[in-house]
Structure formats: C-alpha cells, structure tokens
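Each of the two complexes below includes subunit A, the first together with subunit B, the second together with subunit C.
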Partner chain A sequence: MAASSTSGSGRDIGGSGGGLAAGEMEVEAYRRLFPLPFYERHLLDSVRPDARPLHRARDTSIALGPVASADGSALVKIGDTTMLAAIKLEVMTPSADAPDEGSLAIEFHMPPICSPIVRPGRPAEVAPVISKQLSDVIVSSGMINLKELSLISGKAAWMAYLDIYCLNADGSLFDAALLSAISSFSHLQIPLVSLSDDGRVVAVPGDLLEDKSTPELVNKERKLLLHSIPFSLTCILHKKYILADPTAEEESIMETSITVVLDSSERLVSIYKPGGSVLAHTSTVKDCIVLTKHRMKELQNILEDSLSAMEVV
Partner chain B sequence: MATNPSTYALSQSSESKQRLQQRRRLFQETDWTRSDGRSFHQCRPAFLRTGATNAASGSAYAEFGVTKVIVSVFGPRESKKAMMYSGTGRLNCNVSYTTFSTPVRGQGSDHKEYSSMLHKALEGAIILETFPKTTVDVFALVLESGGGDLPVIITCASLALADAGIMMYDLVASVSVSCFGRNLVIDPTSEEEACQDGALMITCMPARNEVTQLTLTGEWTTAKINEAMELCLDACSKLAEVVRSCLKEAASG
Partner chain C sequence: MGAMTVDRADGRSANQLRPLACSRNILHRAHGSARWSQGDTIVLAAVYGPKAGTKKGENPEKASIEVIWKPKTGQIGKLEKEYEMILKRTLQSVCLMTIHPNTTTSIIVQVFGDDGALLPCAINASCAALVDAGIPLKHLAVAICCGLTEGGSVILDPTRAEEQKIQAFAYLVFPNSPLSVLPSAPSAEDDAPIENGIITSVTHGVMPVVEYFNCLERGRAACAKISEFHRRSLESQVPVVARKQTFEVLWWPHTLTAWPEFHGFACNLSEADVLTVACCCMDMPRT
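== the complex of A and B ==
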C-alpha cells in the first residue's frame, strides 16, 4: 500500500525531499527522513499509510473485568493504543459541605513501559494534562450522580479511585483513556455493605446474603446509573485535511489537534484545541463535531456489545 | 475527606487476622491442599506472549495465575548525558506496580529493591560488549500481584530482551520455592508467601547450567536447601522451554 504510492511514480517531491526521487529510496527510509512529504503524498490520495481513509478511526475493542481485584475494570484498545482502567471503592467520611455525596479521584498514569519517551523518574508531560481533562469531562458531563455514591448521609460514602494505565501509547491517548474510564464505570459492581454493631461499615460476602442473621444492608443498588455518557474523538488538522484518530507517528509529524467530546444525547461537553500551527475555521470545527457524532454511535455500539457479552457469560 | 478508620471503614481486619492465623496453622501440617488445587511441586500454568507494546524494541506479557506482568525493552539507545564513557553497554532496569495490583489500594509495598534485583539477575546473561556506549532499558509493570512477582518479572524480562534481539548467552528463567515446616511448595501465591517460614529463589541459564541469582531467606536446613535447589533448577529448565517455544511461535508467525 505505502510502497505503491511512493515508489511507483518515481517523480520528484517538493519540500525537504526535493532533489531525491522517491523511487530511488527505500520506502521505510523515506518515511523516516522526510515524514511530512511522505504523509502529504498519501493525503493527496485521501489515504493514510496504515490504509485508513482520513476520517476513519482504528479498530476498537473493549474487554470488561480484566482486573479481578478491582470493583470495576476495563481494557480498551484503539488500534495499538492500549489502556487499562480499574476502579476501587473505599468508604470515607463525606466532607461537611456535601454530606450526601461520594467522590471521585481520577488519575492517569503513563508508566515507562508504554513509550520510549517516558523514563523512570521523568514522567511524561502529557500525563497530568490528560488526568485533568479526564476528571473535567467526567465531572462536567454529569455522567455520575455523586449522590448515588452516598451510603449514610454525613457519615459514610464511597470514594471511587479510578486509575488508568497506558500500556501502549500509539496516539489519541485521551480518547482511549476516556473510553476505558466510562467502560470501567459501566462494569463497576458496588460491594454490598451493612453496619456492624460497633458502627463500622463492613462488606457482606456474597454467600451470607441469604442468611437471615446478617444485619440489614445499607445499599441495595449494585450498579451505578450512568447518565449521558461522554465519548470523544481526536482529529489532526493539517492544511485542509482532517485526520481522525491519529497514531503517535501522525501526532508527532502534524502538530495541530482538536479533541471533541459529545455526550450520548449529542450535547457538546468539551472542545480542546491546544494551540498548534493550524488555525481552525469554524467550518473545520463543525466537521470535527460531525465526525465525533459518527464515532460516538460506533463507540456506543461497541460498549453495548461488550456489556451484553458480559451478561451472557 | 480523610477516612476515619475508628468509626467508618470498610474493615475486615479482625476477620482477616483470624484467617491468617488459621492458615498459618494449616500450613504447618504435613498435608493440606493449596487454594488453587495444585500439588506442592506443581507450578502455576505459564502464559507468555511477545509484542505487548509495539513502541518498544521488544516486549512481553506474562500471566502466572493471578500475577500479570508486562515488560518493555528499549534500546540499545543513547545513554543519559551525565553517564561516563563506557566501552561496554549498560543495562538499566525499573520495576513498578499499578495502584490496583494489590487487593487494598496503596497498601502494597513499593518493592523498590526489585529494580536492582532484576538488574543483577539479568546482567550476567546479557552480552554487554555487543552494544558499547549505549544503554538497554528494561521496564516492568506489574498489573496484578499474586505472588512470585520477581521470578515472573525476571522470566518475562528475558523473553522481552530476546524479542528485542539483545544478545544473551542464554534465556534466563526464574522460579521460587517456599518452605513450610517439612514441606517445600513451589511457585507460591501471595497468600502462601505471607505465611512461609523461608523462601528460595533461583534465576538461572538452564542451557549453560549457570545460576545468575540465588536468594535465600528465612529458616532452612542444609538438606532442605539442596532439595529446594534441585526442584527450582528443574522447574527453571522447563520454564525456559516454555519461553523458547513462545519465541519460536512468534518467529514462525
């Protein structure tokens, strides 16, 4: 695919590749030496080096419940980008200003295994940025009603720790992280708890549920009701082209990106365009929103499929 | 926001202490069944795959029972600027844990010593002369910790190094054994590790019959040590075969 478009014609290519005929060079070497002309040649034919059309996202899969010790977990792959998210619930005393609300703590980690640019002791700059974006989107989308995390008003509530680990960083990290976050919330099973005689909140093991002697349960609902789930799509803007769901290589070559987050009723949750050399026209932004709408339908189906597959098992 | 353990906490502490003591007593007896139904001299089934992280030069995923580990190898690449000139290559190792690797969040140990133990276990097997002036980075992430973490990390790291095409004298395999009273229990789970009297871990290159690392902790008799070493070395050579077949499988497509 890549070979036919670059080596076939053998004509001169402008820009930094000037003077060298593409056919005279190994494709792989050309790709490394002159990445931008390499990409632009592909874009002319409306195709990307991995054979995707410009607007298509990579294959996406969701596996629910890979972490046995967590209350909810999900492994998400978008192309080669892999995210592992897990939620652990702990009981805490709610704060005085919100006595009947639980809380969320969301953290995004990029361990050194995920990418050559991250080294131990020198964390990636993007990790805290994505962490913040994730908690902003999840809180502002209103997906989770924090009141549902309350156990006893003013006394006890759930603290949900969501930790997302990037296992393989190959572009569109925020999209994959958000998808893994919402998937693990859909998978979350809240443990049943009761009050012991000395006023402690204790977990009730499954086999004691039928037992008459077990004290009354504090909570009954095991599933969290998710209102309007947010889905996102990151696009690269380059000249007049819009490339959906970029790989790490594409992100490094063409620097302007825009991330659109829509919720399941197509309301806009967030648009994030962190600078970059391309100034987006309003029409471009509109195009990105339309692309995100299509992507949202796709992701909704994938999530529903994996949830129903879990129920069958 | 702070948890108040005296009144409201999801506590199982008194219960779990009792269970721990019960188990400890049980393990001292001559005959008991392991929680996963294995016999004393039976290892957990090993699942190994190469190519977990495509951004790395080589990588591997290992799953031994509950224990799940990913190792990525980067390089040989430029050494850090502050490093002195070196005619031989450098090996740099790092081991980290996810926050959800242990049952209770944030209560697991950091295992800071594992990074240097991994380094020492691999150092002897890698032909450092083949990549002078540069560094090979070996990074491990423990996704879930279920006992025998270090041996799994070491074995997985040697597979990742082979996947990265780093020259080695032989594959490295590592197995640990726990001692309970009169019994030797191979490849212990974390539950068993918590109650053991002593532990022995051997890392070796089976084809050359060379041991790169041996650690021994706790109470042992000489006879028991000999028996445990035999057991470990035998398991190591079998584990190395599993690793080798995984590499062959990956190479044949």
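== the complex of A and C ==
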C-alpha cells in the first residue's frame, strides 16, 4: 500500500513491510497530502526535498554514441530525466530556392514508458510543443550552417533526421532534449560519399578508403562545425523563490516555469514563459539569465569532457 | 524615439500599433464571443462554459480551460498546437480558477486573417471573449508583439512581411494595470506594480540580452495603451445606467479622441455582464 502511493518519490519505503519508522511514514504522507506546504517548508530553509540548494541543477551526464546504427547519437541524463537522441543522414535533392543547403527534421517523441501521465495510444500533449521549440531554437541559434550539409549544389545535400526519445520524463524535458540534440550533433560523423557511374550519390564503405580504385570522394569533412551552441535552463518560479532544473514533482506542484536559452556568446536565443500564476518581473528574468550563464559553463565542461573521453577511446 | 527612425512599409513609426478594433457578443449561440483585429490580423474567439466536469488528467478541484485553435485553412500542425498550449496557460493565469471547480470552459479561436502578431491578437480576442461570457477574471491579459530589426531598433506590432524580415521578435503578455476603487493601501508591501510582471514571454530568433529588456519596456508601454483601449471598448458596450448603479465612485474621462471606432453592438445587459463589469472594475480609468 505504501509502496504504490509513493512510487514517484524514487525511494523504496514499502519493501520491508513493517521495517518502516513511523516518523518517516508521516513525512511521506504529509508530502502526498499537502504537497505545497511540504515544499514551502523546505523553501524556507533554502533547500529542496532532494537536498539540492534552490539554484543547483541535478547531476548531468552525457554518453556519446550509444546507437551504433545512427550517424550520431547521445544519451543524456539530467537527474532521472533521460533522453536518447540519434541523427540519421540521408541524401536528398535540395529545394530550388536553397540549392546549396541541406535541411534538418527534428522530432521529439514521448513514448508511454516515459511517464505515468502519458498513456498508450494517446500522444502526449507536450511532445509536439517541445518538438517545435527545439527546432525553433536549433534553427534560429544558427548552430548549424545548413550550407555545410550541401554535397553537390542543386543536386544533392544531406537531410539530417534528428529523433529524440524521452525515456524517463522527470522534469526539465526541454533542457535535456536540447542537450541531447547538441551532443548528438557534436558526435555526428558524416559518412563519406562518392558519385557512382550513373550519377548517384553512394556511400563509400570504410574498408575501401585506402583502395586506389575508389572513385573520387564528394565530401572530405567528416565533422560538422557547430558555431554558437545553445544551452538552456528551466526554472520554476514560486512566490519569491527561483528553483533551477525542476523535477516532474516540482513542475506539477508549482506551475510557473521559465526557460532561458543562451548561446555560447551569451546572446539570448529564447525566453519562454508560457503563462503561469506567478508574474516574472524584470529582476526575476535577470536572475534566471544569470543562473543560465552558470549552467551553460557547467554544461560546456560536461560536453567537452565527454567529447575528449571519446577521442581517447 | 525621435532619434530612431525606422522605415516601415505602411508608414508607421516604430512605436505605432496598427488600428485596433474589438466587437463583442457577435455570436448568438456562444456564451461569449469577441472579434479582435489589429490591421489585417483578425481573430474571432468564442467561449462556451463553464460546462460541468473536467477532462481526465485535469485537477477537478479547479476550473479547467480548453483551447481549440482553428487556423484559417487546413489542419492544425505543431505551430498551432504550441499556440493552443501558450494560450491555455496564459488564460489559466488570468482566470479565477477556484470559483467554479470541476467545470470546463472552452475557448474556440478562429483565425480570419494572419498579417503578423497572430498569437498576441488571439490572446487579446480570447480575453475580450472571456469578459463577454462573464467568466471571473483576476485581471485582463494584454498581448503585444515586439520585433527587433537587423539595425537593432525595436518595432511594435509587426506585420507578416516585417516578421519575416526582422532578426528576432518577442510575444509578450502583461496584466493590465489595476485601478481599484479602494485606496491602494494593501499593495504597499509589494514593491513592483503588477503590470510590470510578465505573464507570458515567447521569443523567436537570437538577440542580445539588453535588447530583450528594451523590448520589454516598449512592450509594456504599448500594453498600457492596449489595455486602455480594452477598457474603453468594454465601457462603450455597457449601458451607462448599469455603470452608474454599480460604481458611482468612479470618475469617467471622456477623451475618446485618438482611438479608432469600435464596431460595438448594443447588447441587452444580463446578469453575467454586470458580474463581468464588477470583475473588471479593477481596471477602470482613473486619470
């Protein structure tokens, strides 16, 4: 009984049946019954139930290349929120109005396994919204120069299909999705292609590269140059408090959230606050921007570490 | 303002909005409706409700709001889904959700014309429709689109052609300034006035951080004008007798000069209207 009612808290408290202290049970019951006072009591002491200070984000890890069949992939965890992003490149004919540009197709998926709120057969409401936000941010930040995705002007260019799967939705979905997207782009290895006799673009298998008979390669660069990488931080606003990187529980109890996206040259890519009962004053927005700057440095280090770790291996 | 001259195709100055028009109570079967236009951007909003019961997944201890976006042509895509969600969350923050628990209020937004600043126009239209339906509100939400041109100057209420050319733009929603009949003693504890708070902010395109705050300032000033228009439009559609009965304390200015004409409908005042006026008394003009 106890275990089923506290499944969201991530702690196994009902496993041993009678081995539970009475005091602890009361706290758990209080948390379930009066979530807001429970949180406010913590906020008074500038701490959150998971022992984080208000402005600290959860532990973040990036694993590059978990999907062998994709051209670039990344598994990102922010606390329990887990995102798997993978890029598949395909050759397409560029459109007539942009003959030397490739294109991007970004899709965000929330399968039913990711959260108790998402039910099978009914797509999650937020999935298309996050998908739209992601492509807005990635395209408008200018991180990827679409001209680099061109192969033969007017004839062939890369179409990059980026699919992001949310494996565990525990809050700050956009932050995790964006981090997984940029990580998978930094991991991306563009396949080498050449022109076949009948004028079609074909991939060159790796073992033929040293062979003299290999036809001339169309592309040489295997890495995409990322220009100004966007990083984001979501904060919850509640009364005068700002809680960085909220969990799903915090998001459901305190409804007002604000997402700030900055690029590596500290320009503003997006400030996204869809309604909410708490009004954001200019000073609050400034505080959130400062927090995002700190978070950006953290994330840049984590991304660099995981990239250099990959090169060593 | 004078130093920054921006060439706009329609000859407006950087801070000038397109002509606003609002007419309410134009659909007979809806509980409330409003048509809001900013130049050629025209949106019709209809409100049905509060209807009994909430959808699965919504909190039955509060009222729930449902937004249905109908584009001018075709089916709804990701963009419209995003608009629906932003509109829903924005309206949730202005409605008094605890008055009618376990009810659903539907807002149907029909786009008639899209000539830029579509979402702000829809937010303004929905707000007017909610007032028309007599849904209890904390205050009105007033929306504006601020654009940042390549040259780094801010233009307000861009048209569609301008939106495509400019470097970045921000949709901003502010509460309207409360003008209470009561002396303003209770708000003394809070330092910042509520009309300075941002309800909703959605930006598109890269801009320097300072420019965003510049946009905020300009947007806020423009929203004060729009909320004044809102008030006057409400005022013009409520019979004078009812007003006098309800709020004799208030002083009504009659300087309706610079505003475009409203396509007002003479409506027979129902109880809901009186309630609405009572709810909006917070924002009656004082100057």
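We take it that the second predicted complex is superposed on the first by the 288 of 313 C-alpha atoms of A that agree within 3 Å, B and C clash if a C-alpha of one lies under 4 Å from a C-alpha of the other, contacts with A are read in each partner's own complex, and residues count from 1 in each chain.
Just so it is clear, a contact is a pair of C-beta atoms (placed from the backbone, for glycine too) under 8 Å apart; a residue touches a chain by one contact, two chains touch by 3 or more.
The structure displayed is predicted, hence computed values, not measured ones.
Of the two partner chains placed by superposition, only subunit B is touched by A:Tyr161; subunit C is not. When the two structures are aligned on the shared chain, A:Leu225 is found in touch with neither subunit B nor subunit C.
In the superposed model, A:Val193 makes contact with subunit B only, not with subunit C. When the two structures are aligned on the shared chain, A:Ile113 is found in touch with subunit B, with no touch to subunit C. Considering which of subunit B and subunit C touches more of subunit A, the answer is B. By the touch criterion defined above, A:Ser69 reaches subunit B but does not reach subunit C. When the two complexes are overlaid on their common chain A, residue A:Arg267 makes contact with subunit C while staying clear of subunit B. In the overlay built on the shared chain, the residue A:Ala96 is in contact with neither subunit B nor subunit C. Touch criterion met: A:Ala203 reaches subunit B, while subunit C stays clear of it. When the two complexes are laid over each other on chain A, subunit A has no residue in contact with both subunit B and subunit C. Of all the residues in subunit B, the ones that touch subunit A in their complex are 1-4, 7-12, 52-56, 59, 66, 70-72, 74, 77, 94, 96, 98-103, 105, 137, 139-141, 143-144.
Those residues of subunit C whose C-beta lies close enough to touch subunit A in the complex are 57, 78-79, 81-82, 85-86, 88-93, 168, 170, 173, 175, 192, 194, 196-209, 211-213, 216.
Listed in rising order, the residues of subunit A touching subunit C in the complex are 117, 125-126, 128-129, 131-133, 136, 140-142, 256, 258, 263, 266-277, 279-283, 285, 289.
Within the complex formed with subunit B, the subunit A residues making contact are 67-70, 73, 80, 82, 84, 86, 88, 90-93, 95, 103, 107, 109, 111-116, 119-120, 155-156, 159, 161, 163, 165, 167-170, 191, 193, 199-203, 248.
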